[in-house]
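You will see chain A twice below: alongside chain B first, and alongside chain C after that.
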Partner chain A sequence: MGEKPIKGEQKAFMTGNEAVAWAALAAGADIMYGYPITPQNEIMQYWTRLAPKYEKKFLQTEDELSAGFTTVGGVLAGRRAFTATAGPGNVLMQEPMSMAEAMRIPTVVVVQQRGGPSTATVIYSQQEVTLTCFGGNGEGLRVVYSTSSHQELFDYTIKAFNTAWKYRFPTFVLADGYQAKMRESLVLYDPQEKGQKMVPTEAFVGKPGTPGEDRAPAHLRNTYNIEEELMDELAKDIKEYEEMTPEITEYEEFNTQDTDVLIVAHGIVFRSVAMAARELAEEGLKVGYFRPITLRPFPRQELQKAAAKAKQILVVESAYGQLLKMVKDNLYGLDVPIKGYLRPGVGITPEEVVADVRTILGEEE
Partner chain B sequence: MKVLPKIPKSWNLETKPHKFCPGCGHGLILKALGQVIDELGIQDRVVFGCDIGCSLLSWDFFNVDSVQTHHGRTTPVMVGIKRANPELVVVAYMGDGGGYAIGSQHLVNAATRDDKITVLLVNNTNYAMTGGQMAPTTMPGQKTETTPYGRDVSEAGYPMMGPEMVAAISQDGAYVARGSVARFRKLKEYIKKALENQMAMRGFSFVETLSTCPTNWRTNAEQTWAFLEDEMTKQYPPGELKTPTGKEG
Partner chain C sequence: MDKTVKIALAGEGGQGVQSVAMILTEAAAMEGKEILYIPNFGVEQRGGVSIAFVQIGDKKIGAPKFKTGDIVIALSDRAVRRVNMYAGHETIFIYDAGIEGVEDDLPEVAQRVLAIPALETANKELHPRVFNVLIMGALIGATHVVTLEKAKEAIEKKLGYKFEQNPKLREMNFKALERGYEMVAGTGVA
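For the complex of A and B:
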């Protein structure tokens, strides 16, 4: 065992990608598998510089299919394994993560969203929400944390390993190119020193003993012969996903008691929204916000509660209605108008949010 | 009294008789693999990975830890396991479509990277599970469901020479061979050498096996044998294509 990468609390000023690499080290990740794509490259670059000092491993694969499937293999061998990707890489990543979903393999994937569709920009977007939450030919039985700061990137990357290994659903940390590339201050720490226990890992294959003699062999599959066989398997997974939901959903809210405009946003856009809402609230306007931190599973009841006390909902996102669809889905049956401030692939400033809210309030008067 | 050959100890008897069609070559290849696992005494540390297609029917074939993956993706899953825990002996078992078409990038890169894994690929000249479409290994002129008038090489190209390619791109420590279910003892020898190569951490190991598919070839026993022995071996000469130059481990 190498020495601990982080001792005590360490103030740092670094990029989000660097924060992810440190978080994975702090979480005790054993191996990263990765393929270059902007804007997540520096996660691999920092990991490959740090990893050998702490007896950690890295494999650069031939594509994201391989990065995802080797990550699956690393987890099957009982290691805390992870990968990171973005954009078209995230599209390819959905195939291995669909296998992870089917076989309850606790993979961890960090996604740094870039513009879409297709190659688009290497810069920034929130256009991988639907893909990350519901990608693959399945039901979206995965956990997606949407971070909004470097501290959260660090905190939630550590948390992702624990959620994945505790509940055995593939877990994603969803950030974006701004968070990836920008420098920000944060505090690095060793989770164990803070009393945050890391959930132990367990090998799926290669356990001690001879299969068929000392123990049953692991026969792991994702294919079924008949419809009912599949349905039984899915029913069990869905039940466990729903039982997990209240234990892991996270959200933040402000001024939701009686609002004229309730703004819903996630990720880094939430920071602009929070600034805007606080500024307008200070003027005495009834403006609040609701921020889902877990996009999957979605904090449905909590949003419904906040939305029930709002006259108008405004969804703000750097996509053309991906969060908006989720909000509408989760608020079905509630009689509150929903508007969108939708800027696919483009950043959103607090000033823009303030202006849009003022327009809405003006229209209503 | 004649002694019947023993069923390999590493076989899972609960799933026998196996699920492959009568006359299919998979059973023979898996028998050879089972005997090799027994002889090497590695039942407790082998991880067997199978692909999509007929190979997936082997997901519970052995009393060894087994993982059924996606079409073409058995190689990276096994690479991931081996990289994370090099103590394990990993076998990636796949068909010609999985290895040479949809998963060819994984085969090429695992061979080039010299991953210490063993890939066993079954060449039966067609996509059998899906009903007999053209595969990268379909013979020139061979009729399949997607080449009903025969494989026209001017349209569909020539058959993939997998072991020749792997031999060309792999490193000095690699082991590459082409066996046939018609030559069981040789096939078993190749599979054993491939696994020994991995266990000695010498390099990548790859064995293609010429196999039979009477269901999709629409052949009787005699015709099946003739196609394998007379036609396929002309296109795909069996033998060892590369043996490690390193010292014996």
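For the complex of A and C:
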């Protein structure tokens, strides 16, 4: 074993991509598989710089299909493996992640959203929400953390490995091009030093002993002959996913008792929303926010509770209704009106949010 | 400093605006300030207008994008047209005095519009290579977001290896920083 990459708490000023590479190191990741795509390239770049110093590995594959499948393979061999991608790469990544979902493989994928559809921009968006949460030909049995700062990128990348290995669902850290490329301060730490134990990894295949005699056979399947057989398997997975849900859902809220406008946002946009809501609340206006941190599973009950005390909901996102759709789905049955401030592929400033909320409040007068 | 200072710095790709932002934010980080720096980047590897959005303050910075900057600097005609939208009533808008044909593009709303002979000074008195460091000096003169001493430390950290080989470069960079600082500090904007 090489020496520990991080000792004590270290204040750092770096890009989000660099923060992810450090987090993976701190989490004890063994290997990264990847294929370059902007804006996630520097995760690979920093990892390849850091990895040899700590006896970690890196494999560049021929595309994202391969990066995803090799990540699955790394996990099957018992390695804490991860990959990172964005945009069209994330589209290709869905095929292997669908397999991970089928076989309950604890892969970790970091997504730095860029503009879409197709090549679009290399800059930024929140347009990979639906894809990351529900991509693949399945039911979206995955965990998706949406971060909003470098500190969270670091914290949740570490956490993603633990959630994945504890519950055995593919886990995603969903950020964006702004978070990838911007520089801000954060504190790096070794999770073990803070008492945050890393869930141990184990090989899925090639275990010692004779299958059926010394141990149960490894029976990994993504193929079924009979409809009912598949349904039974999925019913078990869905049940376990639902049992896990209250244990891992995370959210943040402000001023949600009796609001005229409750703003819902995630990721980097949440920062603009938080600034806007606090500014308006300081003026005495009844404005609050709700921020899902886990987009999958979604904090449904918590949002419902906040929404039940709101006169109007405003969903703000850099996409054309991807979060809005999730919010509507999770609030079905409540009669609170829902409006969207939707800017696909474009950053949102606090000033814009303030202006939109003022318009809504003005309309009500 | 009780307020977050918002800066938009724009120039042609290759003029070194991102390097200025890197060194400036490093200096601010060494002073223990809170910073958010986001480069604006396109698909092109070279050319095009490059913008650095920088916010420096004492508290955690909120959103990465802002509508109005406190200081907006443009180093080419295209850059003037690209970033004049970030000027508001309290903005100090600085551009290079050598830029021609932008009279109608300068932001009328800005509190102050300042033309500084940065390129000319760098070319005639110093060296074209330190143009961007001169701009950094002007930026510090207008905002005082970091001290000149810290800025020099950050330059040393970034370019120290080059200074080892040629100590004259250090002198030239520091001089450019000071010249830029004086250009703006003397105008009463800060």
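The working rule: the second predicted complex is superposed on the first by the 356 of 365 C-alpha atoms of A that agree within 3 Å, B and C clash if a C-alpha of one lies under 4 Å from a C-alpha of the other, contacts with A are read in each partner's own complex, and residues count from 1 in each chain.
Throughout what follows, a contact is a pair of C-beta atoms (placed from the backbone, for glycine too) under 8 Å apart; a residue touches a chain by one contact, two chains touch by 3 or more.
Everything quoted here is computed from the prediction, not taken from an experiment.
J.: Mind checking the superposed model to see whether chain B and chain C fit together on chain A or clash?
T.: When both complexes are placed onto chain A, chain B and chain C end up side by side without any clash.
J.: Who does A:I6 touch here: chain B (first), chain C (second), both, or neither?
T.: Touch status of A:I6: no partner.
J.: With the two complexes superposed on chain A, say which partner A:M182 touches: chain B (first), chain C (second), both, or neither.
T.: In the superposition, A:M182 touches chain C alone.
J.: Quick one: name whichever of chain B and chain C touches more residues of chain A.
T.: B
J.: Look at A:T121 in the shared chain and tell me whether it touches chain B only, chain C only, both, or neither; answer first, second, both or neither.
T.: It touches chain C, and chain B stays clear.
J.: Pick one for A:H219: touches chain B only (first), chain C only (second), both, or neither.
T.: Only chain B; A:H219 stays clear of chain C.
J.: Does the superposition put A:M99 against chain B (first), chain C (second), both, or neither?
T.: First partner only, chain B.
J.: Regarding the shared-chain residue A:G74, is it in contact with chain B (first), chain C (second), both, or neither?
T.: The first partner, chain B, only.
J.: Rounded to the nearest Å, state the minimum C-alpha distance from chain B to chain C in the superposed three-chain model.
T.: Distance of closest C-alpha approach: 26 Å.
J.: Give me the intersection of chain A's contacts with chain B and its contacts with chain C, in residue numbers.
T.: Overlap of chain B and chain C footprints on chain A: empty.
J.: Mind pulling up the chain A residues that touch chain B in the complex?
T.: 30-31, 33, 57, 59, 61-63, 65-66, 69-74, 76-79, 81, 95-96, 99, 203-214, 217-223
J.: Which bits of chain B are touching chain A when the two form their complex?
T.: 10, 12, 43-45, 47, 52, 56, 59-60, 62-70, 73, 76-85, 87-88, 105-106, 108-109
J.: Over in the complex, which chain A residues touch chain C? Could you list them?
T.: Contact set of chain A toward chain C: 13, 121-123, 178, 181-185, 268, 271-272, 274-275, 347-352.
J.: In their shared complex, at which residues does chain C touch chain A?
T.: 25-26, 29, 34-43, 61-68
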